[in-house]
Structures are given as structure tokens and as C-alpha cells.
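To keep things clear, I will list the structure first and then write my remarks on it.
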Amino acid sequence: MTPAKHGHGPSHPAARLYAQEVQNGQMSRREFLGRATALGVSVPAAYGLIGLDSRAEAASHGMTPRMGGTLRIQMDCRALKDPRTYDWAEMASEARGITEYLVEIHRDGTLHPVLLAGWSANADATEYTLNVRPGVKWNNGDDFTAQDVAANITGWCDASVEGNSMATRMAALVQDGQAAPGAVEVLDPLTVKLRLLTPDGTLMFGMGDYPAAIMHRDKIGTSVADHGIGTGAYMFEQFKVGEKVVLVKNPDHTYWGQAYLDRVEFLDYGTDPSAWLAGADADEFDMTYETVSDFIDIFTSLGWVESQVGTSATVIVRTNQEAEIDGTRPYADVRVRRALALAVDNAIPLELGISGRGIESNNNYQVAPGVHPDHAMIAPHRQNIEEARRLMDEAGMLDFEHELISIDDDYRKNTTDAVAAQLRDAGFKVKRTVMPGSTFWNDWTKYPFSSTNWSHRETGIQTLNLAYRSTAAWNETGFRSDAFDALLNAATAIADNTARQATMAKLEQMMVDEGVAIIPYFRALYRHAKEGLLGAEMHPKYEINIHKLGWA
Amino acid sequence: MALFILRRLGVMVASMLCMTFIVFALTNLPANLEKLAKTQAGTRMTDAQVQSWLARGGYAQPMLRRYGEWLGVVPGHAGDASAGETAGRCARAAMQAGLDRAPRYCGVLQGNWGYSTKFRAPVGQVIAERLARTGVLMFWAFAVMVPLALVIGVLAGMREGSATDRTLSTVSIASTSTPEYVSGVIFVVVFASSMVGLKWFSGSAKSAVDGITFHNFTLPVATIALYGLGYIARMTRASMAEVMTAQYIRTARLKGVGFRAIVLRHALRNALIAPFTIIMLQFPWLLTGVVIVEELFVYPGFGNALVEGAQNNDIELLMAVSVVAVVVVLITQLISDIGYALLNPRIRVT
Amino acid sequence: MDPLSWTGAPGPWLNPALGVAVLALAGAVVAHALARIFASGAQPITRRAVWVTLGAVALGGLAHLAGALVLAPDDTGIIARISARFWPVWAALGITFALSLALRRRLGLYGHLFENPMGMIGLGLVLFWVFTAIFADLIVPFDPVADVISGMKNKPPGTALRAPEPGQYGYYLLGGDALARDVFSRVVMGARVVLGIAPAATLFAFMVGIVLGVPAGYLGGRIDTALAFVANLVLAFPVILLFFLLVTPEIIAMGVPTYMAAVLFLFPIVFLVILWNARFHTRPVLRAVTVGLTVLVGGWLYLGLAWDADPLGLISIPGGVLIVFVAVVFVNAPTVFRIVRGLTLDIRTRDYVAAAQTRGEGAWYIMLWEILPNARGPLLVDFCLRIGYTTILLGTLGFFGLGLPPDSPDWGSSINAGRGLLQFFPFPPLVPAVAIMSLVLGLNLLADALRQESLRD
């Protein structure tokens, strides 16, 4: 079978199977678009497969912005560094006007080429061909070529770089902490071939994630703030960490695409939302990065335009089964963990933590119904205080004082407080400890009992691999089960959606039975912008691409 | 007097040494270094990665040695330039100055305040810029607060128990009972919010960085001034009231000296001794009060640098912050002592 | 159930009457002021008018407060219900005032307070919060931390519970906070936290400041230099920096707060021992008794508070509170030291000190029994002010996420938690703010009255 080319011709066979599932009502349109485009099917073609016109989607984005104008965005202004080590989406948004990406993920979960002209994958997703966009230039005058792409991908695979989170996304290319020999090959100046060690249908999603900014081939491992070399239309005029970042159109560079605004200012108002409100009231910015909690309604009532997007972002309240307190491991006992989960009605943290802005989880597993395409429905969670007390009593832990730790930050703190209050209502002893953000993350995987926020991922299997595999660096629950790992391997290898769901159901049930964590809800994210600003809709991963923003 | 001031200057230097060493020791505790590594190179690093990051940055050397380096009395860690390592303080200093070879000493004594890991800029530059902004804020706060407080205090204290006294005392008590984080918020709600709709002033001082206006600076200044006002006024009043009952005032009154003359010529000078000390001691307190207001009104000044530095364990920034704090406090105390001596003839400086 | 109104059934006729009375009072005050300036002959009449109208207003207010006594439960409003919840406080206040008034001639300085109306108001406010702290358990209708009731988030005062359980109070009298907890219960229970920490911490700071400040000012020389050096060093530490450095879990784990407590908590014992020793050095028996008792009781408290090693197991202080307590004492003590030292410098040049020196009195006697009593006026003022400051400081720490645990009902934390949404849900931060203000106001009035009365002696 000939592999499908992005942007033309017949589609990937799997994509056609997915299209059939959509027609049968087994898969949502959104899930389909995400999965089909990940396999290299172009967006118009993907829409076509399910009998829709992509222009309908385009129309929803509205008009083309006019040229020129200044935009002021409220956002934390963080220091830039090696993009591979970005740990905040804000960093990527600051630099996105200069360093662009191979692909981008749209609000609806679809993948679109940016610095690539297209890509294709073979049938079992072990070989990818990347077609580099021709005619793109670096702002130092060099041509953007396949060499750049290969150098970046090789750099992503370098697990020896501290904090390089791309290595886990590129895991299928990595051998002994480096790109496997022959895994990344430049075929010609506009073509790169990737040979995966294991099948991975989510590889291209990794390339659309915020640490995957494309650097000049000679500047891998540097911060763009130091040299300003990129392919984007903008350049830094001012870069003050914690204060403001100003970008203006680069007059010496011919941008390959379209950019509207002349000037973009990112303004840092700190982490207190009431300060953002004060700034908005004083007309000091035009767009928020993310509007949170009670402030969502308030910004809307001020006449700002609200946009929202459902995500799989969540706050989990988890125990660490391996943590020792005074020489014992209180959470090694599954009865204790189950008791904690049973004492909580997940609707309460949803209401008190995030004012109901999101959906209640189906049960305590980290796969989001309606968002993750591989979510499988299992029996829903029911609060049962009697059973919780019985289990806790049986474990002899009724008098144990649980110390529940959280970060000192609006919704995470409130969610955790709501859980703590319910545990107390069930008669368990709970002590709350709140840490400032600066100290909280030092030991976030090791706290015996704490809450953690997880950001959005496109598929459920991605999250489970990151957080619950025994060997995962981010495994904060101390849940290490061979059976679970085996199921994870099986699920990761399944390309087909329906087939994966069956395995996912087992994984989900296992998480519930083991009481791995309390996962009360999945959040919707909100953003506000002034009337007349185009392209400012909230993105599941908070992305702000200043090339696309503009005034009507 | 010259000797006295010289000695005090000596004390200042000793204080700075003690203080910077304490701050250095606290910020260089292993756990805090780990925090630094994680805020710099990624919140979710493994322990081994933290160790290697610290070693590369020169943080693994003995603490005393690095304090000496910071001070500039021990040759600085130059970093291995051939390996492209630029983390050593001398290497960075050389890079900034465009020198080929790193200088041997590059501490505070050589005028190198180091590099802020949070703001990604030389500390000297960060501090100078921030201090100037906070200086402006403090100047206006003092300009509003001190004259007002002295007038209120003297008016209230000169006729103790009168209706004027009761009214002014109530005003100053109400002001001392209203911390910045209450008054600031109420000000914003009343004068700057869409809900009340007055919108006379701005609830954010962010734009004051580019130029102070009545619109964007009134609320922060009022917030700081209001809180300090009552305390100084109360102290002035207490002091004034006490002086007014003193023997020599009674004598003067018995001699038939007019009330106005008594207040202005006899009472005022002695009554201002205590408030003078209090006002001077207000400086360091204001410095912390300023932190709240800067956070509340998003004004990127010195207080904001302190909070950011502490939250990110930005060692060299915190060191500079503490040096500045010590200098400000000790100078105000010196002025307070000299003024105290000049105002009170019964005390002699020896 | 319908939400409660502020004044309940009598509101429709009592409120207009009260309004008229308030207007009349305002008119009378203006008339009195005018009479003082222009027509002193009319003063007796206007003064009477002020008193009469004031009485009417007070009567109206009292009627609201006492509503619960005469009205059917369904007719009472929020004010009457709150007043009813406070019954132990009213009872205690009544008994205290009645006894004090009856015995005021025999009560010295405290008795004199009852001749000073502002002093009585100040004392009343302070005692109100003290009794509230003591009887908090009887007053609160809900648990201030654990009772998170669905549907009550950010609700206005007087909101009825959706589905009250049998025996549960039916309303959130002052509304719900952002976590659906009862604002009224939190403020009442917050009094216990605030009054448990602030006055004690201030007292400790004063002990430290006095024990070090008086000798520094009186003796001068090396001691003075050394102490002033240390005090200035601590003063030069911005409070926030100090707390950011001290409250990290690593430093707590190293036991730094405990060591600081071990040093700071020693001062009160030292102070009392020196005090008794200086006073009674001519009367060996009395000296032995007082000093012995001090060491015994003080030592017991010291072991329990600082080292958490009370042999009887009665006294213990939670880790988080200890850190806050120690840090607050640590921050306040140098300021007190400065003030005491300044006062001592001033007073030691006075004649009566010279007289005592000529009499051959010991240095400690002069310091503690000649200088200190004469410095008590300014110190009392500062002490009362400083309790308020300490309360405010606790809130400041909460502002930066340091200090007490976040769900603590103390006023500072509550204000900080609610301030962001003040313009939309004013009650959660406003009620504790009023509480702080009234407590500090009471302390100030009390301090002022004490100063006046002590000067009059």
C-alpha cells in the first residue's frame, strides 16, 4: 500500500476506518479530526472523509484581521531557555513570533503543518516522511532546510540534557539516551525520514507541543532570547523577565507566511487574578492569558469576549504508596486509598474548586470523557461514606491524621480544600498544608498525600504513560504494577480506537480499584479578549500564536 | 561628632557583613540550592540532574569560599572557558566587559553584584532600576504622610481631651487599624472598579513605570501613606500631650505666655523627639509595606524584586536586596540618633 | 426557606424610627457645635438634646439586638439572631461591668477606667472579643473549617441552607465564603486564633525588648553597642525576606524555629527573676518565694512551649503556630528594644534617678523600679498598638502564603482569601476586616484611657 501524502490523494487506511466509525456514531467528529490528521491526512481531506467541507470550519474563525495595530496580552513573562527544556507554555508563546513549529495543534485537536509542507506515515506508524516547507528563510538570511529539521529532532532525542521533556515525546526514536542510529535521515534538502523503533501514532502531536520550537541548526540548545534567530515575522524589542516582553515586526526579514500585528506586548501582572482585574479595569491590556475561577464571569460582565475550550486538564488528589511517614507507609494499603476516594463526592470539588467550570469525571481515572478519543465508559463513581469509614477502620487508620499538601494557588488550593473538608466530614482527620509555588515543586512526586495539576494531553494513553507507568519519571502515586504496565504496552500498540477502548476500560477500572488517586473533574479553560480581537480563542494548551492574532 | 559618625559607619560595614553572610548561608542550604536548580532548569528534574546542574554552575564548592568570591576577596570561579562554560561569575563578568581573560577577583568589592537568575540580567542593573521606582513611591508616600501626621498629632495633642483631639484621634486610630491589604483593596473597589463606576484612578500602577500620573499613582501612595499616618500621628500626639503637662510648660503658662507661643516655641521641639525616632524607624517598615503595595498594584519595584528573588531563591539578587536594606536602615538610624542628640540637649553624644 | 432580612419582622417600623433618631442625633450634634461657637447660652439645651437623641438611637439599636428575646423565632432578623448567638458574651460582659462598677473604688488603675467613657468603650470592645474567643464554641452555629455546605458558596448574609439536617442551624447568618463555609462562625472562631497569638507574642516581644533595652540605655557602653548592633541587624531584615527564608520546610526541619523559641521564651523568666530579685533583695524569704515560683512555673511553660517537652503533657503548641509566633516576636522585639532604650536614655537624666543613685540603690533596682514605671505611659500605648500590629502582621504573612495554615479562620487569612472578590462578594473579607478594626480600635481607646488615668495618679 502506498503511504498517504499530506495534502493530497487517497487517505491513510486507518483514517478511513476512523471515518467509518464516525459515520457509525462510534467516534466523535473531534476525535476523528485529531486522529486522522495525526496520521498525515490533511485537514480538508479529513473533513472530506466524513462528508464535511473544511470551509465550514474556516468560516467559524470569521474574518481576516486588518494589517497593523498593537496588542497587549496579560501573561507571566518568564525567562527563555533551551526550548526543549521549556516547562511553561508561556515561554513558547513569548517566542512563537520568532521560533516556529513544524506542526501546530488547533483548538479542535487537528494537526496542521507550519514549517512542514506536509508529512506521511506508513500503515503501522513506524516510518514518517516529513516534507519541509520550501521558501522559508531564517531571519539571519539562511535557508530553512531538512538539515534544520533533522538537527532539531536529533536534539529532541538527547535525553542527557537536563529537563529535556522532548525526549519522552520522541521516545520511539530514542536509544540509550540519544537518537537511534539511522532513526533520523535527511533524504534531500526538503525531506526527512524518521524510522521509529516502536510504532507510535502520537509522534506528530509531540512535534506540535510547546517545547518543540524549531531552532537554527547551529543554535540547538541555546535560548532564542540570546540571539533572536528564528523563522517568524517578529523580533524582541524588549525582554524583561517578570515585567514585560515586547515583540515588533522584524523589518529585515521576509516572513514566509502572513502576520498582521505590528507590535505585541506581553505584560506580567503576577499570579493574583485580582491584579489582572485591576489591570483590565485600568484598560492596560486587551487579552488575558487564562481567566480563572470567579473572574471568568466578572470579565464577561465587563463586556469582554469569553472563549472556552474543554480539555483533559485536571487536578488530582493523590496518595504516594511508597511515601514513608514515621517509618510506616500509610498509603501502601489499598483500603486506605479506597476509603479516601469513597469519602469524596466528585461534584463538590468541581463546584467549590472551579465553580463547576468543567465536567465531573466519570470515575477516579485520568481519561477524560468527551475529550480523549480513547475514553471508555466504566461504572461511575459513587460517594459512600459508610463504606469509606468501614475500610479505613478495617485498615486501622481511623485515627491517622492525613496531611494533605497543595500549592498556594486559587483553584488548586480550593479543590484540595474541598476534598479535605469532605474527608473531615467522613470523620477522617486531615491537616492541610499549603506551600508557595517556589517550594511546592521541589518534591512534588514524593509528598505522601497532595494535589497536582496535570495539563491537557490529546489522548488518554499519553497521560497514563506519563503518570502511571512504573518507570515514569512523573509517577507521583508510587503506583507500580506489572499488570498495569503490561496493559499500557498493549494499549499503546493498538492503533485502532475501538480496540484500544477495550484495553483502556481495563486500565481505568484498575486505577479505580487500586484507589490510585482522586480525580474529580476535567477542566474547561477560559480566556477573555476585547471585542474586535481575532484569533484570540482559548487553546487547550494555552497557545498564543501572535502571527494569527489581529484586530478586525 | 565626626568620630561618632565614623564609628557608626564601621558598625554599618560590620552589620552588612553579618547580614549578607546570614542571607548567603540561608539561601545556600542544600534544599534551597535544589530549589534554585529546579526553578532554573525545570521544575521536574531528577536529583542527579540537580547535582550536575549545581556542579556546572559552580554551586558545589564550599559555601565560605563562594561567599568570599561574592565579596571579592577570594579569586572567582572562572569556569572552564574552553568547554564553553560561562556560569562562573568571573567568566560572565569577562564576557560582559568584552575581556579575553577573566579577571581574578570579581565580587562586590570590585563592583560586580553578580547575575540575577530570575530576571536574567546583572543584579546591579535590576536593583538600580527597581530602587529608583520604589524611591519615587516612597518619596510621595512620605511627602503625603509625614506633614499630615505631624499636623494631626500636634493639633490633637496640644489640647488633650478636646473635641478636636477626640476627632483627630479617632481618624488616626482608624488609619492604624487598616492594613494596606484592606485599604488598598477598598480603594480599588471604590475608586477604580467598573462595579462602583467612579473610575477616578487606576487600580494598577503598571503603567507608572513609563511615567507617573495622578491617575496611576494616587492609590498606591494613598495606601502606603494611610497606614503609616495614624501611627506617627498617635506618637506625635502622645508625645505632645506629655510635653504639654510638663513642669516648664505649666510655668510658662503661669507666667502668662500665650498658648500659641507655648506650643510653637516651647512644646513643639521637645514633642517632636519621639516621633522623629518613629519616623526614622518607619523607613524599614515602609520598605516591607511597599512590598505589599507593589504586589497589590503590580508595580515592579524593589519590593517586587525581593518577593521574586525569595520565591526563586535568586541568591545574588537577595544578597543585593539585603545589602540595600541594611544600608537604608542603618543610615536612617544614624540620622535618627544624630537628630535625637541635636534635639534633646540632655543627651550628649560621646 | 426564604433568606433572612437584616432586621426581621420589626424592621418595617423600627428602621424608619431608628432613621429618624439618627437624623435627630446628627441635627443635635450640629446644633451643639454651632452653639459652642455662636451662642454659649444655648449650650445646656443642645447638650441635653444630644444626650436624648443618642439615647433614642441606642434604644433603637438595643431593640434590634434584643429582638430574639421577645419575638417568635421566625420573625427575627439577622441582627437579632447574631445577637442571640452571642448570649454568653453579653452575660460575661454584663457581670464584668456590673462587678467592676460596683467595686471600682477598690480596683486602682483598672477602676479608674470606669470614670472615663472612652476607656469604658475601649475596654468593652476588647472584652467583647476576649469573651468571644473564650466562648467561641458556644457561639458558632457551624464548624468554621470542616462545615463546607453545598450551595452556600459566596452566598449573601441570611441565606438559608438548602437542606438542613435535623439539629443543624438553618442559616448562614453572614453568608458563605468562597469555600461555602459560614463567615459568621469563621470570624467568631478567628477571634480565638488571633487573641491566642497576637497578645502573647506582643508580650514576649516586650519582655525581650525590656530585658535588653533598659540595661542598654541605662548602662550604655559595650553592652549597649553590642545589643544595638544585633537589634539593628534584625530590624534591617525586611520582614517578608525573613519569613521567606524562615518558613521554608527545610529550615523548619532543621529545627531553627525551636531554637529561636528556646532563646526568646527564656526572656520572660529572666525578666521576672530579675524583677523580684531587685525588689525583694532586702527580704530574703519573699525573694526566695517569688523567684522560686517564677522559675518553677516559668520553667514548666518554657519546656512545653519551646521544646514541646512538657513533663505533665499539658502544654504544647502546633509547629505552624510556633513558627509564626517566634517570627512575630523576633520581628517585634528589636523595635520595642529601640523604644525602651530611647525612653531609658531620656529618663536616666531625670532627677529621681540621680536621687536613687545617691541613695545607693542597685542598678537593676533603678532600672526596673525607677525607670521602667516612669516609662509605662508610652510603653502601654505602644503595647496596645502593637497587639493590633501583630494581628495585622499575621494577615500580612497570609498575604504571601506564609504563616498559619490556609484554612485557619484567623481574620488576616480570611481577609486575604476574600479580598480578590471583594467588589462582588464583600462579606467574607469585610466581616473579619471590621473585626480587626474594632479590636484595634478598642485596644487604642483602652491604651489612651489607661495613659490618661495613670498620669492622673
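Going by the order they are written in, the chains are A, B and C; count residues from 1 in each one.
By definition in this document, a residue touches a chain if its C-beta (ideal position, glycine included) is under 8 Å from a C-beta of that chain, and two chains touch if they have at least 3 such contacts.
These numbers come from a predicted model, not from an experiment.
*Asks:* Given the two chain pairs A-B and A-C, which is bridged by the higher number of C-beta pairs in contact?
*Replies:* A-B
*Asks:* Find the most central chain, measuring centrality by the gap between its CA centroid and the centroid of all protein CA atoms shown.
*Replies:* Going by the distance between chain centres and the overall C-alpha centre, it is B.
*Asks:* Counting in whole Å, what is the centre-to-centre distance of chain B and chain C, each centre being its mean C-alpha position?
*Replies:* From the centre of chain B to the centre of chain C is 28 Å.
*Asks:* Could you give the separation in Å between the centres of chain A and chain B, each centre being the mean of its C-alpha atoms?
*Replies:* 41
*Asks:* How big is the gap, in whole Å, between where the Cα atoms of chain A centre and where those of chain C centre?
*Replies:* 50
*Asks:* Indicate the residues of chain B shared as contacts by at least two other chains.
*Replies:* 31, 35, 185, 188, 193, 295, 310-311, in rising order.
*Asks:* Two-or-more-chain contact residues of chain C, please, as numbers and ranges.
*Replies:* If we look for residues of chain C contacting two or more partner chains, we find 248-249, 400, 419, 424.
*Asks:* Send over the residues of chain A in touch with two or more other chains.
*Replies:* 272, 274, 277, 436, 439
*Asks:* Would you pull the chain C residues touching chain A in the complex into a rising list?
*Replies:* Spelled out, the residues of chain C in touch with chain A are 145-148, 150, 153-154, 178-180, 248-249, 400-402, 405-407, 419-421, 424.
*Asks:* Which bits of chain A are touching chain C when the two form their complex?
*Replies:* 272-274, 277, 294-295, 298, 348, 351-352, 355, 408, 413-414, 417-418, 420-422, 424-425, 431-436, 439
*Asks:* Sort out for me which residues of chain A touch chain B in the complex.
*Replies:* Those in contact with chain B are residues 79, 81, 85, 87, 162-163, 165, 225, 240-243, 267-270, 272, 274-275, 277-279, 281-282, 284, 302, 436-439, 441-442, 444-445, 473-474.
*Asks:* Could you please specify the touching residues of chain C with respect to chain B in the complex?
*Replies:* Touching chain B from chain C are residues 118, 225, 229, 232-233, 235-241, 244-245, 248-251, 254, 335, 338-339, 342, 345-346, 349, 377-378, 381, 385, 388, 392, 395-396, 399-400, 415-416, 419, 422-424, 429, 433, 436-437, 440-441, 444-445, 448, 451-452, 455.
*Asks:* With touch defined as at the start, can you tell me which chain B residues reach chain C in the complex?
*Replies:* Residues 11, 14-15, 18-19, 23, 26-27, 29-32, 35, 160-161, 166, 169, 173-174, 176-182, 185-186, 188-189, 193, 195-196, 231, 234, 238-239, 242, 245, 273-274, 277, 281, 284, 287-288, 291-292, 295, 303, 306-307, 310-311, 318, 321-322, 325-326, 328-330, 333, 340, 344, 346-347 of chain B touch chain C in their complex.
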